[in-house]
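Take a look at these structures.
Look at the two complexes coming up: chain A is in both, with chain B in one and chain C in the other.
== the complex of A and B ==
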């Protein structure tokens, strides 16, 4: 009797597991397939518009050759985005750490008011400021073809407001570390650079990674600051123009190839540092 | 008292508890308003006495101070320099010089025009020479900048006087004054937080506070395409237009109402579909006996690794009338003998477009949620499940009695931020539909999937309708802050940050 019951239990579990596997395989397929399609279509040469079939009738590298030819500014966009991402990831990480370290480690009179002000400011849509900043940047000549420094400036300047995740991490480091170092006669700056920063490696990598990836997908700011320019765009704003009404029939497969070229380095970097990303998300998102 | 209340609350079912919290929240509104009133009154009183003390301090210090202090009232930093604290002194002096130069060269002229924002149009004379007229944008911008500058000057001036007083007292007590070298050392030690904060806060003031202040002012002007160079104050006119209900006929108020409603509906579905499906996927992967957990997770994480704009733009094309999805449907219809399959216009029909957007958003958001949830799932004490197993609870009971309450408790604040984040989710909507399909009934050719934020974008970028863009921005702020305030008071897991240290 008891034997029979446990038999049915294990049978039930096995069926449950099989169902789970089927669902997981289905989920994996759904999440992977669009990217497979994207890659397949980037090799399609018989037609450059949208088609309703997956497998190209004629395969070739024409779309990739197009990207590297003089017919398009793709390489310029790519270079722009890379420069922006490089600067932004260094400067933004620095800004966020300056902010989160002080808010986590120091207790001063204006601390709470400062945090409240940033909380309230965060409730305004970020794009609102863009209308003014565009006019100001235009006046000093950092828009259009010269959008790259303008974009870096705009992305970095207020990034102290995104301190939440790294502060959440810093809050978990025991304060006795600081106190011990102070007893040894270290200045607060030495504590920051020699004691705390080395312990922050995981969250530092997380911050650098996310701020490096940001500019690759930034459409809203880039499209405004580089308005009316062909060479000042980043990849997101640039590739977007290829999908416009009049462009798409000639450029859809170019878009696919461009997407692949953009995705590869970011993806490799991301998969390489995946561990830190997962730690940052699981640790930071909830505390944030 | 509080404890007995909580105990009684625990006896109730979940729904009752939520109801009680809900009622308690609204019951507490009068007391909260009273408290708010009291604290505002308190703040006003404090402010008033602050001003009185400020002037008293300045007067007394001037009368009692020595000649160096007295000169410092006019030449900032004078006293500090002559008492050997030259670093502070020079900084004070420098600020004063910069301020005076700014006011003389730029700010003063613009500031004086701030109250009507300029009247003189640019005229071209017969011989082709141009007489540059007023530019309201510059007047307002420099005007705002000047206000900030003046506030900063008053504060520094006060600091400068305070420095003098402190220095005098130290000299009287015959102690040593802090030298410039001490100041420099304090920058990396005692005042290190000020050093660290200076750059990020300066960035926030210039690139966020100033522009927001400016845009709030724009909402009270008539700055748009017709008034691009010269615009003026119109008081509350724009807000009046927002609240006077006129049905149909491209009215601003009706459009705003519709878009706000859709924004809330979208934020609700986008948040909760992602949340529950993400949780489901995480639980499937975490299930006992499932192998290759890492592989499944990596496959989903893979889709985060690809820059979002690529996947969103590509998927939006998959759903085009001549795209892959319709191709697939056509093939399937062919198998069933229907060779005249009419492609579905996913982006053409308002309702269908809205549903499609929510479904695609699941595809975009679930991997991220899966990561967030996985971390929390692993923290649920395993013995809870073991004892539930012994008691014979089935999977659904375990989920609804253990997993879900725990998750909701921990992720309450996260759900709130992701709700408000979705309200402002520009990328997904704009890159998928561009806000379309365009609804010609609506103001400024807004579309059926437009969120407030994408509408704001197109009003500002394509229509140059800045005044209404500013109004929408303010309204978004009000809606987000009200929702945050209400929900934050309702959820139980609002915790004290010091608890973790």
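== the complex of A and C ==
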């Protein structure tokens, strides 16, 4: 009797597992298929347009070679994107961290209203400000061909808004560490750089990654701010121009190769910082 | 090495109406070891933090070595501090943790050789040389606390502050570290201010003890003074473990002799205490009679001042029994009986339900005013007499259950709980003012 019961239990569990795995596999396939397709198409050399098969008939690096040739602005777009991402990454991380530290450690008038205002403002999608920002940047000459500094400015100016995650992490660090350092003779600056910052390595990495990836994959702002310019575009906006009706038959495989190239720096960054990234998301509870 | 002087020091937290520390006045001599003791929320940690410069001072002045330091940053006060939760830098090795304050020194900057010498010397004294390359997370609680002490002692400081440094340790380690702090004090030979809620630490470590309640100083004195001549009922019950028995009774006078009549027995106040009552011309009245458990002795039936009690609970402590007994009129007392002189027959009687005879002498008695709860035989009152909010009254007296010493309320039981859950216990013991701050913080958030 008991054997029968345990048998049916294990059978049920096995069926449950099978169903779960089938669903997971299906979801994984659906998720990964576009990437596989993109990579495969980037090596297709028989023609450059859209085809109705996945595996190329002829393989080669022609599409990649084309990207680095003088025929396209791809390198310019790539360089633009890299510069924007790099500056935003550094400046945004620094500003966001200073903001988080201030809000976590200092008590000052209007601190709470400031946090509330930023929370409310953060709820509005960023692109709502696009038209106004375009006008402002245009007035100072930071659109079109000069879109790169304009895009850096747009991203960096709103850096402080993303303070929540790192403030949450900083809040978990015991304040007695700051106090101990103060008694030991450290200035506020020394406390920040010698005590707090090294402890925030995981969340710092997280902030670096998110700050880098934001402008790296940005399409909306880049296409608006660089409107009318071929050379001021970033890589996402630039590649998208190849998908226009008149361009797609000549550039689809180039677009795919460009997509692969775009993914490389992010992949490298992720692989390099993955360990810290995971720790950064989950390691907030670790205390001194 | 320096004196510390606190004059009318007051602390009111922002947004709070009531002061956490009221007009705190204290002179601490050079090289003195002073202990602030009191229950959670009494303001002892806040006072220490005001001396350290980690809390703003709402009123009054703090002087270190004759210099008013109210507006000086902690780093400029020449202090060292050991925190309750160690506050070690987790990303640094033990060596770097201890060297941290030395590396921050400017004018003149300390050489690497000198830093090395100081760190290794401190590590040797504290027995942590083998852990110098480890990170704090790889150390036990006791080792971490040693590192914290090491970090504080490498620096040349005028005042050494310790905020409940042993609270996070288990009972055994706490005893060991207590002895080490006594040795450390001899070695460092500077002015110490030590905060604790543990009266045993206060008694064993302090040259003088400052007993506090609700932000007021209840008494300042040597451990012996506080134990033998508590200024009021609160100090009497806070100092000593198990807690002093208090019995509401009548103090009467016949000729030159004073009598008390607890549990329906008339006991003469003999010895110096009787003489003192006479000298001070104390009027007969209703009082709280205080008797420490260790001053109640086992006697034969019919002995002078002896009275029968029924054992409710017997706690075997090894060297002594802690007996929770009940008198014939229902008053509950705690009695400490050393086991060494007990015969087998007497030991056999120390079980619940048995009736034994106990007595206490006149010199063991303490007399407290029923209204004010001041000791009738001491002069020093440390509260603001004109302040109607002075919380001189002990909670026990307020509850009108002075002698109802329930076994679960015994400090020993608390110690056991702490032993079992040191971390939780330490959380509970976190200063109430900090909790208050946290609450306010949470409210704001």
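Miscellaneous remarks
The criterion applied here is as follows: the second predicted complex is superposed on the first by the 268 of 288 C-alpha atoms of A that agree within 3 Å, B and C clash if a C-alpha of one lies under 4 Å from a C-alpha of the other, contacts with A are read in each partner's own complex, and residues count from 1 in each chain.
The working rule: a residue touches a chain if its C-beta (ideal position, glycine included) is under 8 Å from a C-beta of that chain, and two chains touch if they have at least 3 such contacts.
The shown structure was predicted, so the numbers you read here are calculated from the model rather than taken from an experiment.
In the superposition on chain A, contact of A:185 is made with chain C only, not with chain B. By the document's definition of touching, of the two partners only chain B reaches A:216; chain C does not. In the superposition on chain A, no contact is made by A:70 with either chain B or chain C. Looking at the shared chain after the overlay, A:176 reaches chain C, while chain B stays out of its contact range. By the touch criterion stated above, A:112 is placed in contact with chain C alone, chain B being left untouched. Between chain B and chain C, more residues of chain A are touched by B.
Touch criterion met: A:37 reaches chain B, while chain C stays clear of it. By the touch criterion stated above, A:199 is placed in contact with chain C alone, chain B being left untouched.
Put simply, chain A uses residues 174, 187, 190, 287-288 to touch chain B in one complex and chain C in the other. Taken together, the chain C residues at the contact with chain A in this complex read 52-54, 73-75, 79-81, 83-85, 87-91, 100-101, 104-105, 136, 151, 155, 444-445.
The part of chain A that touches chain C in the complex is made up of residues 112, 174, 176-177, 179-187, 190, 195, 198-199, 287-288.
Within the complex formed with chain A, the residues of chain B that make contact are 137, 141, 185, 188-190, 192-193, 195-197, 199-201, 203-204, 206-212, 214-215, 218, 281, 284-285, 287, 289-290, 296, 298-311, 313-315, 317-318, 320, 322-324, 326-328, 330, 363, 367-368, 371-372, 374-376, 410-411, 413-414, 417, 420, 424, 426-427, 430-431, 452-453, 456-457, 460-461, 466, 469-470, 473, 476-477, 480-481, 484, 497, 500-501.
On the chain A side of its complex with chain B, the touching residues are 13, 17, 20-21, 23-24, 27-28, 30-32, 34-35, 37-38, 50-54, 95-96, 98-99, 101-102, 105-106, 108, 114, 117-118, 120-121, 123-133, 135-136, 153-154, 156-161, 171-172, 174-175, 187-190, 192, 213, 216-217, 219-220, 223-224, 227, 235-236, 239-240, 243, 248, 252, 255-256, 259, 262-263, 266-267, 270-271, 274, 277-278, 281-283, 285-288.
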